[in-house]
Each structure stands twice: as structure tokens, then as C-alpha cells.
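Every chain is named by a letter (A, B, C and D) in the order it is written, and numbering of its residues begins at 1.
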Amino acid sequence: MTDALLVHMPALAVVVPLVAAPIAFLAGARWGRPVALFATALSIPVAFVIAWMASTAGEKLRYQIGGWDAPLGIGLVVDGLSATMLLVTAVVGFAITVYSLGYFAEQEKYRFFWALWLFLLASLAALFLSADVFNLYVGLELVSVAAVALVGLSGKRDALIAAMRYMLAAILGSIFYLFGVALLYGAFGVLDLAHLAAVLGPDVTGQAAFALITIGLVLKTALFPAHFWLPPAHSNAPSPVSAVLSALVVKGSFYILLRLWTDVGDPSYVPGMGTLLGVLGATAIVWGSIQALRQERLKMLVAYSTVAQIGYLFLLFPLVEIAGRHVADAWSAGVFHAVSHALAKSAMFLAAGAVLSRFGHDRIEGLGGLSRRAPVTMMAFGLSGITMMGLPPSGGFVAKWLYITASIESGAWWWAVVVLAGGLLAAGYVARVVVPGFAKASADASDADVDAGRLPKHMELAALSLALAALVLGVLGQPVLDLMVVGDPASGVIP
Amino acid sequence: MASAVPESPRGVRLAAGALCAGFGVLLVRAVLAIPEDHSGLAPVVAERLVDSGVKHPVTAVLLNFRSYDTLLEIAVLVLATIGVLSVAGSHPRVWAPVAEEADPVLSALARLLAPFMVLASGYLLWAGEHAPGGAFQAGAVLGAAGVLLALAGYARPAWVTKFGLRVVISVGFIVFLAIAVGVMFLGGVLLEYPRDYAKALVLIVETWLTVSIGAILVSLFIASASPIEELRARTGSGR
Amino acid sequence: MSQTDVYTLAGAALFVISLYGLITRPHLIHKILALNIMSGGVFLVFVGIARRVMTPDPDPLPHAMVLTGIVVTVSSTAYALALAKRIYSETGAAVLDAPDVFERPEAGGD
Amino acid sequence: MNWPVIALLAAVALPFVTATVIFALGETRSTARSAANLLGAAGTAVAVLAAAASAWQGREERAFASAGIELLDIGFGLEADMLGSVFAVVAGVLWLVTTVYAIGYMSRSADRARFFGFFSICVGSAIGIALAENLITFFVFYEMLTLATYPLVVHSGTPAALKGGRTYLTYALPAGAALALGVVWLHVLAGPVSFTPGGALPFGLAFVHPAQLTVIFALLMGGLGVKAALFPLHGWLPAAMVAPAPVSSLLHAVAVVKAGVFGIARVVLEVYGPDAALLGLTLPLAALAAFTIIFGSVRALVQDDLKKRLAFSTVAQLSYIVLGVVLASPLAIAAGIAHLAHHAALKITMFFTAGVVAEEVGAYRVSEFDGLGRRMPLTMGAFSIAALGIVGTPPAAGFTTKWLLGAGALDSGTGWVLAVLAVSSLLNAAYFFPIIHRAWFRTPRAEWASGPAPGRAEADLRMVVPLVVTALAGLAMGLLAAAALSPARWAMLVAAMEAL
């Protein structure tokens, strides 16, 4: 029986939130809460079991839906990469759910939050597990529609326009992606990733397909210069939504890029593409950080920080191309960065949301005395800032360590300079919040105010836990580093 | 309305034109290079069609071989509907009746046509097993009947906030999901229909999907139609 | 020129033409329509690819993908339209950089 | 796990545990918080002493307690060796003393939970720096120290404090980046670098990559030099004097700044070893240190603000340690290591004094000290002992340092160092003796003439007792320099290993 249950774990990772979503829709605002809490809590052991399965198997596991073998049927693939992303989704998803219990009072306009939220988590799980390029398209659309609907949930003018901009970019990205899928099928006659990897050859149509898919996914990942939609969308969304968008949703499309360029093909498949993505990533780091330094609102600052941090993910491609895969591996750096950024950025947005609830605004100049008025939130923000800067002992540090190592080893030291400069710029924008946080409270915040309007403990603790998780990842991250390369033939690491 | 919106500046148009033209050249090159002698997965589908429980290959792909795609696609549909409800639903007057005074001709026509459309929907559903057709086509016709009735003033959109509509919108997806998961208790994997029941299960799923799709299309129409009415009331414009 | 080429070239043409429209037309309905036509172009490419098998029946897989793609597109279009209408009713214009006709003071995230 | 390993882990972990408890108890439960703080500090003091004892026990076989975890090929490791124990004991024991002082000093201040929490983290980081087994672990704790110090610098939240904090970060963060690049680069070039007496670089590497190793050395020194306040990277230290007195005392006289010089010692002695001299890296560093000694002393001379004068004195004194380490003869190394402890005890006393005086009688400037000895005899007595010690008047500890350093310089054939020592001692005297003179021999202000108010101590005893204790410790280190476990003897043992 246990064995039988184990086999179905990959399906369960999708099914649990997917079943909960319509139930939450039917249950409405009040009863949607326990449904979401239960489903997201259940997703954590499921994700851990999947991670355990992957690491004991030591190779890619497949679950053929409907019992139809690839290439006819659609498979779910469990390997280190998908298991890692599922694990992060489960942990971050649960923490945000706990936070949201306090964040969304039972307001009428948020009555569909829980259903949309569960749909989003289900679609992320579906995305991370899918082994089929067309199925990934459906998964991408599911993610996009859920994410956009969550952005527009507040119904405020700016949020609606931000949602629209996001929606147009997301649909456009999907169409590019779909065109690529059509060409892939046209060129190779298969949709399954493993079959595609087996037959992929130097073919104009195939290369065009990869390019189209990359354009589409770059749009959805908001890599510079396609980042225009991200800051308004991520900053105008309700804060738990901002958290999930920056932490997980942008990683969803990045994940597909990673699959295609490092699992199915490799960065040299389209000449120059690796370097191009790397240059865009480097530009994103600098540009996003500079914009973050110039923002007046906290959530805009955090959103631009996401633009910058996304840039780090893309340094993976040129470094994998030129440095190859070593123990100190640019690929691991990118994935590890995705993981630690997911934890830290969700913590940061949750903290920003707590600031909004506590202060009633998020103007940075008005955040004086934050450390006295909301010490736990301040701590969560500061600790997640350490990951943004890439300072030890955070997970961001390990990612940067690996990037710098890879670039020095391969002689392409300029990537190391970008990585270090990005860290200093990040210190600049984190300091913009932390410094006034330590200032004496401004005149409008008297000491009597300190005890008034305290935030629910579980909200602040959800943010703090995520920030702490990102922090200790840099020291205790070995299991994650071991996990994510499982079943990755290029890693050269035999588990 | 369109005239109030300024066109893009000439520079933007020129740049966009150049970009799209260049891009088009690359696309043409790519599509012309598609090999003509590749039969894709068609032979595999043909070979396994007998095991699918349906005779039409497209339906077999949609509802059996790649039924997971279809499951997620229904999820997108339900999800988008929830999104539309949430965008439109927080608006104060969104659920007012669409047409307060129905046109008598339209009203009579609607009453005449609606039963035939429901019948046509049923036929399309049944035909999908061996010919082009199926739940989506059937649901679309059903939805069209609903929209017609709504325009004629017969649909009462106020009940849309009620529990009942949420049930109708999601029932197709829920039944599909229940069967997808339910077969796992019979010893299969997700969405693995036992061969003997495949035909029956596919029919059950299609039937409930038809109902939901029809309901979803009507609600999408009604939910989106109303804000304009609301704006008209607010600005007093006759448009 | 084969049947496949006719379809796929037409698809590619629709794709770039509507991409141009998407970029240059500020009105939201135009943009949404442009995206719809772009999808239509991609669907044509799929249909063209389905046509290249020499059997009387075309390759069912691209057809199935087109059908799925249509439903997905309908869904996202429906949501985008609802959003566009809501933006119109909030701002009086269906564009992204909308003038603030109704002067909503409570703007700002939450 | 045997007791040395437990002591090693406890020495690093206890301050962090204490910090967590302090944060959890929050602002309002001040009694429980102080109790937890004292308990944590006492436990840490015991743990560092036990770790040092284990190092002493294992010194012959060089078998030291160690513990660590791996992340890829990055090893995070701790080891209680002889050199590390010196700094660990200094930081850990002085933390206990400072905690008592700080509880008195901060008794009326706001945001105490935050203050004491970050203070504990700073101490934990410093002990981690001391006991780090390799360069990466060192770097991790070094950066933690950088960040955890910031909230303490800006503690008061005034614009001046925020400005000081900004200056601090402007120096510290780029330094961290330089250090990071140096550490990673060295890791790529030489593999994992465990601190090893006599150098850790693979044999012959200095011949293969002399240019790269030189750049790496410059990066490392740039990163460490900020905390070590080497000219021209010293600018943040006087600015950071806006911090409350306990911070200036323990962190800016001991833990933070010595983390920098300690790092230089580790890199020069236990990473580069003889290769440093081979690559011609030691002489420039020695010259820079010598210049910093003179420069700091001259700047100290013209400061009227006592804390600023002490800060520039610290700038100068830190370079004694650097100079000793770089000269690389056994006696010079011993001088540097011993001065780590000597200067800590002496300078912390003086900063304690500055804090008490400011709190009790509101005097911040040297020119306001006339006759203060009458009003606060114990405090100014302790201050005078410490000042004489730093100047190098026998028998206080500073004399021991200078004696060893002079002898070491002669050994290593760098006689010019003697001239630096002489000039610097004169300057030390020139900026400290006026204070002593004013305090004891000038006519006191009217309200001070009759001494402390009848029936009252001269100040809060929680502050006076610690500074008397540290002054006496400084005196004892000099008087008993030849005793078995004195810092000087310990340093000579370490130096004998390092100079192999």
C-alpha cells in the first residue's frame, strides 16, 4: 500500500491543490481559509517525499499520466531540479498561506482569493513536474491567468492597469512559446522533453523554435529589457500575491528555460544565445538595482530588486556554456540562487506588506522608527536583505560564491565583477530601508503608538521564518545542493 | 471611443514595422525549413486508437492520450471565469439585469431557437465520439443559447453570485478531476481509464463539461457586459 | 509550394502583422484582438504541420493542440476583456497609461 | 563529542543563543533579559576559557578540537588552536565584563532588547572569527560582524548616528566585496585554505602565480584593512564613535577592530607564511603599518573629544599588531599577538572611563577634565593606569609589547622600527599625559572639589567595577608577563610555531 501510494506522489503534488481550488471556490471566503491551510500543509510532506524519492532513485523518475507511454502520453518528471522547485513551492506556499490568513480580512472583494491562490499553486506544481512542451504551455497559461487575476484582485485603479500590462505581456509570451512548440513538433515530431533531447539536432527550425520559446519565456520571467510589466504588477498586488509572484511565478518560466537550455539542449545550441542571456542578466542586475535605489515606495523598491535578482539567474547560461559543468558549478549557482531568492524575496514582500498594514503607507521616507514599531518585521526585512546582498551566511552568498568561482576558473572574470557590483548595489537599496528603520521615530509616531495596532504574530513570524530559511541555507544547504543535481546527467556528480 | 485614443508616434510605428519585418523574415525561413516528410505522432495515435474508447483520433488525443492537457485546460477556463467574476464582481452594480426591456421579436426568436440549440448541443456531444465535435463544441452552442436568452431578458444574472452558479461553473471540472483521481483507487495512475469503462467515463466527463462550459460562457458574457451599463448610468452618456 | 507551406506562411504573416498591431495600437481592445490574431497565426502553423502526413486524415495531434490552445486563448481573452472593461469604467479610457478621469484618491498598492 | 569540542561549539553558539533569547524576551521584560544576557556571557566566558585550555593541552601534538560541515567544496570549520584562543578569550571574557558595564550604562536607554541582541551577535561573530579553521569560515563570521555592528553604531537613531553608520557601511561593504573576491580567487587558485602555521599555500604556487597571489593579497588586505583601520582605510573608526560607550569599548577597541588585525595575522602567518616575504609583500605592509602608527598618533594629539582621541590612538595601536606580525621574527610575532590582549584590556578601560565620565558629569572633551580625579578617583585612577600602559611605561602591559617588538625588529633586521617605536611612544605620552595632568593636577570645577556626594559612589558601580577590573588586568599582564599563562608567554609559544 505504501509503495502504491509512493508511486502516485508526483500526481498528488498537482492534485492536492488542484482539488482544493474548486472546493475553496465553492466554499467562499470564510471556509476557503481552512481548505487552503490544509491543502498547503499537506503539500509539504508530499514535496518532501518526492524529494526523498528523487534522491534515493538517483535518476530521473517518470509518471506517465493515463498510463500512456511517451511520446504519445504526457509524463511527469521527478528529478532533482523539479523536486527542488516543488519543495520551495510547498514551503513558500504554506508560509504565504499562513500570512494570508491574517492579511485578508473577510472582505467581499477578496472572496475569490483562496480559489485563485490554490489554482496558482497547483499550476506551479504542474509546471515544475511536466515533461511535455505543450503541456508546459497549458501550465504556463494556468500560472499566468491565476497570477494576473490575483494582481487585479484589489480592484484599485493602479492594480487593474498593472494587471492588464502583466496580462498582455504574459499572453504575448505564451504565444511566442506556443509558436516555438509548433516548430519543435514540426521539426522533430515529438513533444516529450526526453524524446526531444534524444532527437534534437542542428536544425534551423529547431533553433528558431528555441529562440521563439526563449523570447516568450524571457517576457514572462521579466528579464531586462522585458521587465517593464513587473514592477507595477508586483508592487500593486496585495502583498502575499507580490510575494508569490516574485518568489515563484517568475521562477516558473525560468525553470522551463533551464530545462530547455541545459537538459534538452545546451546553451551552445543557438550560437550566441548564452552570451546574450548573460549580458541581459548583467544589465538587469545593474539597471534593476539602480532603479531600486531611486524608488520612493517600499514595494516598488522590492519589485525592482526582483528585476535585479532575476538577472543573476541568467548569468548561468554563459557560464555553463564557457565554464562547462564543474563541482563549483554555475548551473548549481543559478538554481541555488533561485531557491534562496524565492525564500528571501517572499520574506521581503511579506515584511513590506506588514509595513503597509502597520504604517498605512509604504513611502520609504516615512518609515522612521520601523525597528521600534515592528521589530520582527524589520528583522525579517534585514535578514532577507542579507540574501539580496549575497553576504554570508545566506544562500545568496553560496550562489555568488559558485558564480565567482566559475567565472574565475573559466577566465571570464567580468561576470564576477558584475556579481560583486550587484551585491554592493543591493546593499545600497536595502540600506535605504534599514537606515531610516533605525532612526528615531518620526514626529507622527509617538511611543504610545508602539503598542497600538500590533500585527498578528503569525504574519510577522511567517516573514521571519522565510528570511531565516534563506539565511541558514548558505550553511546548511548541502542537502539542497545534492538534491538539485539528481538525475542531471551533465552534473557529473554521482549521488 | 477609438477616436479618443491617440495613435502611436510615427517613430514607434517605424521601429515596430522594421522589427516585425525583420522578425517575419526569420519566421518565414524557419517555417519553410519544417521537414515535409515527418509524420509526427500520427502513426502512434492510429496504432493505439483502439485502446482509447473512442473512434475519432482527435477526441482520443484530447480525452484519453493527452487528457491531462484537457484537464488543465478546463482548469484554465474555470480559473479565468473566477478571475472575471473577481474583476467584475467587486463592482457595485455589476449584477444588474442586462436587458431590462426585451425586444419582443428577439424574445420570441429566443424562445423559438433555444430548445433547438440545446438539442444541437446534445447532438454535437454525442457525435464527438466518432466525428469532429465534443464537449467544447456542444458547450459553445449551449452557451450561445444562454447568451441569447440573456439578451432577450430571460436570464436573471443576479443569481450569479449565488452558490448555485459556482456549482454549475465548476461541476464539469470537479467531475473530470474526480474521475481522474478516482481511477487511481482502481489501481491505475492519474487519468488511466480502465479499458472497459473508458467510453462510459469519457461520456460522463464530456456531458458535465458541456454543462459547465455553457454556464461559463454565459457568465463570462454577463459579467463582462455589465460595467458598460454601469458607466452609462454614471456618466449619463448615451453611448 | 506545398499545402503545409501555404498554411505556415500565412500563420507567420498573421503573427508578425498582429505583433505590429499590438505594439502600435494603444487601445486595449485592439491589443487584445492583436493577441488573438497572433494566436490564430500560430494555430495556422499547427494546422499546416498537421497537413503534411500523406494519409487522408491529418495528424490528429496538432489539431488536438489547436483545440486546447483555442480554449486556453478564449479563457485568457475573456479575462483580459473583463479587465479592459473594468479599466474603462474606472478611468474612462481603455488604455494602459490612462488619464485619471474620476480622480480616485485612494490609488496605491495594498 | 568530547569536552573540548563542546567547549568550542558552545563558545561560538552561546552568544547567538543569547541573542535569540534576548530578541524573544523583547523590550519589556528587562530583568529576565539582563539575567539571560549575564548567564550567556558567563557561559561564553567559561566556554572560551575551556577551549583555550584544550588548545593548551593539545599544543605539543597540535591536536586541537575541531568541528565543521561541508557545503560542496566549501568547508565551514571551527578549531580551537593556540592563536585563535587568544582572540577568543579576549572577546569572550571582556564580553562578560562589558555586559555588566552595559547593563548599568544603558539602564535608562531605549531599545535595549535590540541593543543587547545585536551586541551578542557581534561577540559571537568575533569568537567565530577567532576560532575559524579556514579562510571561508573566517569570512562568513567577518561579514556577520560587519552587519551586526551597524545597528549598534546607529543605536541612538540621531542624524549624527545615522551619518556615522553610513560612513561605516561605505567603508565596510566594499571591503567585504574585496575580501570576498580575494577569498574566492584564492580558493580557485589554491583549493580550500585551512589556516596552518607556516603557511597554507601549496608548494611552489608562489612561483607559478606570483602576480595573481599578489593581487589576492592586496584584495585580502584591502578587505581586512578596513576593520584593522590601516591608513587610508581608517576613516570610519572615528566616525563610529557616535555609538554608545559599551560599543566603543568592546567593539571598536576590541572585537571589531581586532577582527581585522587578527585576520591579517591569519593571512600573513597561516595562509601566505614565508610566501608573503618571498613575494615581497611584507615590506610594503610593514611600512604602511609604521606610517599608520605615526599618523594615528599625530591625529590623536589634536583631538579634544576624548572618544575621538582614543579612536585615533586605537588606529595607531592596531598597527603595532600588524607590524609585529609582518616583521615575522618570533619575538615580533609574539609582540603582535600579545598586544592583541594587552591593548584590549587597556583601551577598553579608557573607553569605559569615557562613557562613565560622559554619563556621570557630562564631560566629553579633554578640556573639561580639570580636576576630575578628585570627583571620580577610582575611574580616573584606572584611566591613568591604562594610559601609562599604552604609552609603554613599565611595568604595564604596553611596555612588554614594545620591548618584544623592539627586540623582534632587531632580530629581523629592521632597525628602523625602533625609531618608529620611539617616536610613537613620545606621541602617546604627548596625547595621554595632558589628560592625566588635567585630571589630577588642575584645579577642579567647584562642584567637584569635595569629591563624590557623601554616601554615594562616584558613579554607578556597575560601570566603575568593570573598568577597575580591566585596568588591573592590564597591569597584571605587564607585571606578570613572565608567568606561565600570561598573554606574553602564550604569544611566544604561538610565535614559536608560526615562525617555523
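Following the convention adopted for this analysis, contacts are C-beta pairs under 8 Å (C-beta built on N, C-alpha and C of every residue); 3 or more make two chains touch, one makes a residue touch a chain.
In this text, all values refer to a predicted model and were calculated from it rather than measured experimentally.
Closest to the middle of the protein, by Cα centroid, lies chain A. In terms of their C-alpha centroids, the spacing between chain B and chain C amounts to 15 Å. Here the spacing of chain A and chain B, counted between their Cα centres, is 30 Å. A straight line joining the Cα centres of chain A and chain D is 42 Å long. Separating the CA-averaged centres of chain C and chain D is a span of 66 Å.
Multi-chain contact residues of chain A (touching two or more other chains): 134, 138, 141, 145, 148-149, 152, 155, 160, 179, 183, 185-186, 191.
In chain C, the residues that reach two or more other chains under the touch definition are 8, 15, 45, 49, 61-62, 65, 68, 72, 75-76, 79, 83, 86. Among the residues of chain B, those in touch with two or more other chains are 27, 30-31, 34, 38-41, 45, 66, 69, 73, 76, 79-80, 83, 87, 91.
Of all possible chain pairings, those that touch are A-B, A-C, A-D, B-C.
Contacts from chain A toward chain C in the complex involve residues 134, 137-138, 141, 144-145, 148-149, 152, 154-161, 163-165, 167-168, 171-172, 174-175, 178-179, 181-183, 185-186, 191, 235-239, 297, 299, 356, 361-362. By the touch criterion stated above, chain B contacts chain A in their complex at residues 26-27, 29-31, 33-35, 38-41, 44-45, 48, 64-69, 72-73, 75-76, 78-80, 82-83, 85-87, 89-91, 163, 166-167, 170, 173-174, 177, 180-181, 184, 188-193.
Against chain B, in their complex, chain C makes its touches with residues 2, 4-5, 8-9, 11-13, 15-17, 19-20, 23-27, 30, 45, 48-49, 52-55, 57-65, 67-68, 70-72, 74-76, 78-79, 81-83, 85-86, 88-89, 92-95.
Across the complex, chain C meets chain A through its residues 8, 15, 22, 28, 31-32, 35, 38-39, 41-42, 45-46, 49, 61-62, 65, 68-69, 72, 75-76, 79-80, 83-84, 86-87, 90-91, 96, 98, 100, 104, 106-110.
Listing the residues of chain A that touch chain B in their complex gives 7-8, 11, 15, 18-19, 21-22, 25-26, 63-68, 71-74, 108-109, 111-112, 115-116, 119, 122-123, 126, 134-135, 138-139, 141-142, 145-146, 148-149, 152-153, 155, 160, 179, 183, 185-191, 203-205, 208-209.
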